[in-house]
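These notes open a run of structures that come right after.
In what follows, subunit A forms one complex with subunit B and a second complex with subunit C.
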Partner chain A sequence: MTGRARTLIGFVVVGTALGLVPNLEEILTFPRFYLIFLFTIFFWVAQASSWNILTGYSGYFSFGQGAFYGVGVYTASVLVGKHGWSFITALPIAGVVAGATGLVLGLVVFRVRRLTGEIFALTTLAVAFVLASVARLSPSIDGGTGIFMTGTAVPEVLGEFTTAVYRLTLLIALVAVVTAYLIHDSRLGWGLFAIRDDEAVASGLGVPTFRYKMIALGANASLAGLMGGLWSIQLGFVTIDDVFNIRVPLFVILMSVLGGMRHWMGPVVGAVIITTLADRLNSAGLADVNQIVIGGMLVVLALAVREGVYVRMRRRWGTTAITFFGVLVVTIVLGINESLISDFAYAMVATVVVMLLPERAWDQIRRFFGRREPGAGDERAEGLTRTGS
Partner chain B sequence: MGLLAQGIVSGVLVGGLYALMSLGISLSWGALKIINLAHFAFILLSAYLVYQLTVSFGLDPLLTILIILPLFFLVGVLMQLFFHLARVDEFKSLIVSFGLLIIFQSLIQTTWSADFRRIGSALNPYETESFFIGSVAFPLAQLMAFVSALLIAGAMYLLFTRTYFGKAVRAVAQDPEMARAFGVDPRRVAVILSGLSTAFSALAGVFIAIGQTLFPGLAVGWFGIVFSVVILGGLGNALGAVVAGVIIGVAAGVATILWGPLAAPLVTFLILIGALLFRPEGLLTTRSVA
Partner chain C sequence: MTILEVTGARKRFGGVVALEEVSLSISEGEIIGLVGPNGSGKSTLINLLSGFFPADDGRVEYKGTDIASLPAHRIASLGIARTYQIPRPFDTMTPRQNIAVSYMFGRQRHALGEAMAAAEQWLVFTGLESVADVGTDQLTLHQLKFLELARALATAPSLLLLDEVLAGLNPTEMNQSMEMIRRIHAQGVTLLIVEHVIRAITELSSRIVVLNQGLVVADGAPEAVMADPAVVAAYLGEKGRSARD
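Entry: the complex of A and B
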């Protein structure tokens, strides 16, 4: 069995297991909040993974996630809330419109010859605010009044509201992660990595750089918009300030920087950790501090972490497992937290801290235990794959 | 006709403020290769500090410049030292300064709350005063911003073209290693330039505090306009920034009069797209620093 088949079967297993969680609700009698918490994670997994397809793979830094997400939210809410479409038909349209927005943007920006990377980054930053002001001033979109999405009917096959949102977010998150995975190991993925390392050389070696960048941007924008369209019913009341703010791009950047932008799993790991932490900070009544902590983490991680925690976790999966489950078991047994989510949050923070120890610290620890360097081969292999600096 | 003339005049004057807001970002990007999004926070922070100084101590808003500019020059110096220490390159500067922007914005929000703040008219003699030529009004606050932008742009132009320091800046922008070989200390040049550009942003904040109502969300709303001015004017080009600011100010002002407020952001964005497609190197390229 090839590695790819094994991974794809893994997706099916994980997806089915997570998909069955709502069915277990009555048996295990866990609070309804856990479902909401989980689908918030799915939301961010989809956003971060789709962002990473463009930015992580091709190196084109995008602040446009909020714009694509916002286009998705507003496409769905205008169609459903103002024109009475059924939600399930509006959802794919949201993805298509967001994707088209991304492609039009790419058509303009990728044509610029000089400074493309930086100009791309700042144009995407500006786009969200231009779209926001257009939506604010145009009564056929929002006009500053907001759109009510409460009471939107979801198909009955999916169960009642929370369960339906759970299943749909899970589905879209899976699609985003599988897309990111398939691109990662494809000709397209290798082309994008080449563009990131040196676009001129890649182009000279025959990588169709413009087409590849457009595909990556299109995938990023349409997945972000699709999830945005779905999120409109979770928001309930859609307003411009809520949708087109800096939160979405900020979080996806932080998640991917933390998890690692070179591997498709990086954003997934980052999304799980950051969503859990943000949720705990909010429930501890620290919502004000939240933004400052997030901004501070972004600065520190951007400077300190080169390859993200996921790569390090894989290199030291034993230590990772021991730290994570050790802390998790200890916190659960001691019962110091009221919520299981807090236990997980502690375990994640402990794992991240251990993983972020610099190599020098690991040498010290190894010497202390008198062991020979176990991962010497890994180090060398990693050195080969790591290009640029 | 009178309305249109007023629209053009207001556009020109507002363009001066846009230019002032863009100068810091443009200079640090063009000459230091650091895309510093934190400048948006500095503009806002300076505006709030001016507000606080006038309200708490009854200072004349213009007098606060004497405190604000040195203070922010220092902030710029410290930030550049931090960037050097952390070895921030052009690409990382985006992420790091984005994080700094978020931190400063949240700090502003926790300090001054999300409420609207405005210097009362008793303390702010410049708010409502205007010069008139015929029936066309020249609001004093905007006029001052415009004149400062012109003066600074002119001074920067002379500094870059006529002085040894300007030559050093251009040398560092082109090739820091080579500049070092010829006896220029790139770090010192960068630190001074960063201080200057942060002070320019702070000056923009002073005029914003005089002329506008403040709230924390203001900063992100500037992205579109400032970025358009920076690109259209050319990176590191102070005179270009003024020209671009005026073009965008006039276009947005006229568009608002002709087609209503919906048109202003669209026109700004169309100018940006046009600039990216046809003149990505900026309007007045030959005089650019970088």
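Entry: the complex of A and C
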């Protein structure tokens, strides 16, 4: 079996297992909150993974996530809240409209050679502000009053409200991650990596740079908007200030940098860790220091593990597994925490701390235990999967 | 048969004239040495031929197609490849992956898996097998220049533009590189070589074209061109010319 088939089967297994979690609620009698916690993770996994398709793969640093997410939220809200569409019909439209927004933006920014680097980042940020103003000023969109989404009907096959949101977020997150994975191991993905490293050289070697950047941006925008459309019913009441703010773009950056932008799994790992920590800090009544803690973490990690923790986890998978499950089992058995989520949070923090150990120190430890010298293939090249083997 | 025909190509950057007017014809199977002092327009011409920027004026015909305003990736797919004076590898990829990217795109579409396997032959050709899977920061200048060559060759070009592949190499490495250039030529690739090392260029080229201040000042057989007073003047100035006389 090829590596790709195995990975795709893995997605099906993980997806099915997670999809069955709501069915276990009565048997395992876990609090309802666990479902909400999990679908918050799915939301961020989709946002971070979709952002990484453009920014991580092609190197074009985008703050446009907030705009695409916002377009998705508002498309669904206007169609459902103002025009009485059924939610499940409005949802794909949200993805399409956000994708179209991305492509229009791309037509402008990718045609102008000078719009690279900081200027590109600022342009994408400006788009969110412009869209927010348009929505605020236009009564047919928002007009400054907000839109009520409470009581929106979801298809009964998906279960009651929370379960339905859970299953839909899971589905969209899976679509986002599988898309990121398939692009990562394809011509498109490698063309994007080449663009990230040196766009002029890539073009000279035959990479159709404009088309590839448009595809990446389109995928990013439509996935972000699709999840945004779904999130509108979770928000219940949609306002400009809640939707078009810096939170979404900032968090996807944090998550991807933490997990690693070179690999499709990086943003997934980052989203899980940051969502879990943010949740625990909030429930401990530390919502105010939440951002300080996460911001500080980002600085430390950006300095210590430039490639992101996921690449190191792969290189040190044994240690990762022992640390994570060790801490998890100990905290559960000792009953230190009231919530299982806290146990996971402890395990994640412990794992991240172990990953902070510098490469050189790591090599010395390996040597001390008589392991063979690590191969010459260094961390930099590790981010790209070995394909064709 | 003519492979490349440049007619009246002009290029200026702001107020600076890089190419005043260049006309040049290259036949299939030639090795053209393109020489000239710094700032004479050699690199501009290479950039123009590979589609880095369009010409302000003039025609560039490659195998009968006007490529003067085509984007770089289209030109690559027609069979023109280039190397860079200062090597520009993809830094987050290994040499093998660098070559695979170029094979995957280049002149023909190839699948990713196929490309990783095909990279091997260019690694062998350029003698880079021992460093195939390390970071590019561990390569010497010599190896980086060979990687440039390997990557250009993997696109399967008919016309290869070499921008100072010999500069900065020691005599042994230079001989190795010249040998490799001959082997590339033997495979039926037409070459345009920009070079400062005069010994190498006269030995390799079947014809030499001299640029000075954006104009072609000489075009002909190596020995004749290098003895041309206009060429001597371009390199050494009028004084050099009188000193020689």
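One rule holds for everything that comes next: the second predicted complex is superposed on the first by the 360 of 389 C-alpha atoms of A that agree within 3 Å, B and C clash if a C-alpha of one lies under 4 Å from a C-alpha of the other, contacts with A are read in each partner's own complex, and residues count from 1 in each chain.
Everything below uses one rule, namely that a residue touches a chain if its C-beta (ideal position, glycine included) is under 8 Å from a C-beta of that chain, and two chains touch if they have at least 3 such contacts.
Bear in mind that the values here come from a model prediction, so they are computed numbers and not experimental data.
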Query = Should A:R187 be classified as contacting the first partner (subunit B), the second (subunit C), both, or neither?
reply = second
Ask   = So, does A:D198 touch the first partner subunit B, the second partner subunit C, both, or neither?
value = second
Inquiry  = Applying the document's definition of touching, compare subunit B and subunit C: which contacts more of subunit A?
reply    = B
Ask   = Counting only touches as set out at the top, which of subunit B and subunit C does A:R262 meet: first, second, both, neither?
value = second
Inquiry  = For A:E118, using the defined touch cut-off, is the partner it touches subunit B, subunit C, both, or neither? Pick first, second, both or neither.
reply    = first
Task = Pick one for A:I88: touches subunit B only (first), subunit C only (second), both, or neither.
result = neither
Query = So, A:T209: does it touch subunit B (first), subunit C (second), both, or neither?
reply = second
Inquiry  = Can you tell me which positions in subunit A touch subunit C when the two form their complex?
reply    = 185-187, 190-191, 193-194, 196-198, 200-210, 262, 376-378, 380-381, 383-384, 387-389
Query = Residues of subunit A touching subunit B in their complex?
reply = 61, 63, 108-109, 111-115, 117-119, 121-123, 125-127, 129-130, 133-134, 137-138, 241, 245-246, 250, 253, 257, 288, 291-292, 294-299, 302-303
Request  = Would you tell me which residues of subunit B are touching subunit A in their complex?
outcome  = 29, 35, 37, 86, 88, 90-92, 94-96, 98-103, 105-107, 109-110, 217, 220-221, 223-224, 227-228, 230-231, 235, 260-262, 264-266, 268-269, 272-273, 276-277, 280-281
Query = subunit A touches which residues of subunit C in the complex?
reply = 50-52, 71-73, 75-77, 81-82, 84, 88-94, 97, 100-102, 104-107, 109, 111-117, 133-135, 137-138, 151, 155
